[in-house]
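So that you can tell them apart, the chains are marked A, B and C in the order they are listed, and the count of residues begins at 1 in each.
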């Protein structure tokens, strides 16, 4: 994982084989960032996607093992309710026939490259646990 | 709908059950914003998607009633030709088998959460009616 | 292609029938931009998508000739290793049944409209050739 800063925002590039979660944790430690909006593209494998079932208040997970193009990656970084920065990312991924799948991104491993734009928040971002769903929701109040 | 401002840009969070159109109208009234670029993710139901048919100069609509992950939401806010701020959003949505659909977003109802990043424009954004298509297109001249 | 600048970032609108590559080249010449993050939506036809095969170190291409909604477009502008600004964009596209395809975007022709938000980088962005993959990867070191 390498990153750059232009005085306002960050770029991140993952090396082939790097885990997204580890790379983001390292980025958070190195930059001390306290909130951000993310956008990304590239390639990935071992992509674990979730679908949130409101009735069960839980995610249904599936891992896509093959190499796919990361055709959209959108989300953010914010403190959770125990004071740890967590990422919340949703993504769309395309296979070698250009067919797409998508969902809540639990994890993935970078392919040839993975590029992220990190739009810094000028205020810390926070999440708070929502009892109705069990999720950590953005606390904007 | 709650929103926050870091001095530069906004975050919006929709409550479960809120309509996107009503939330954005409220946001526009409360912030007096005159142009923005939007990015979002979350979950939604009752998603009405359009495909624009150039020959018919009209949209073909379909509503997806089930709960889906909002895996990408991209667009903007700008004045239309009668001076009302309108949203133009396209989205990608994933079902419980991670299969995706996409289109021009007419409306949706927030699921467990819907998070939007609103990148403020420092100049008002305007649309103008295009006679050839009947659409309101960005006026950047 | 028309574009506007709010003092910080750019908006681009492609005319119906314009090629994305030509429009971006014109934009780069006119603005002298040296790095940017891009986000877009609209409609397009003649969309050539790639899937990068790591074993072959090459893309597999397919062109989708029909009109599709551009439901997500994400990427960036950066100098390549011979000093030419290149675009790196991935996209998701929806047909008239709302079904989606996605991939690395080699080219497309704008439909009724194509709208891009160009988030300027305050430092030039550079790519460097990666011998292992043959790709030009972001150089953030």
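The criterion applied here is as follows: a residue touches a chain if its C-beta (ideal position, glycine included) is under 8 Å from a C-beta of that chain, and two chains touch if they have at least 3 such contacts.
This structure is a prediction, so every number in the text was calculated from the model and none was measured.
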item	value
Interface residue identity across copies subunit A, subunit B - same or different by half	different
Rotational angle, Cα trace of subunit A fitted to subunit C, multiple of 5°	120
Cα-centroid distance, subunit A relative to subunit B, in whole angstrom	22
Touching two or more other chains - residue numbers and ranges from subunit B	39, 72, 92, 100, 119
Interface residues, subunit B side, partner subunit C - complex	35, 37, 39, 49-54, 60, 62, 64, 72, 74-76, 88-92, 100-104, 119, 121-123, 125, 130, 132-133, 135, 137-138, 140-141
Of all residues in subunit C, those that touch subunit B in their complex	2-4, 6-9, 11-13, 16, 39-43, 67, 69-73, 92-100, 111-113, 115, 117, 119
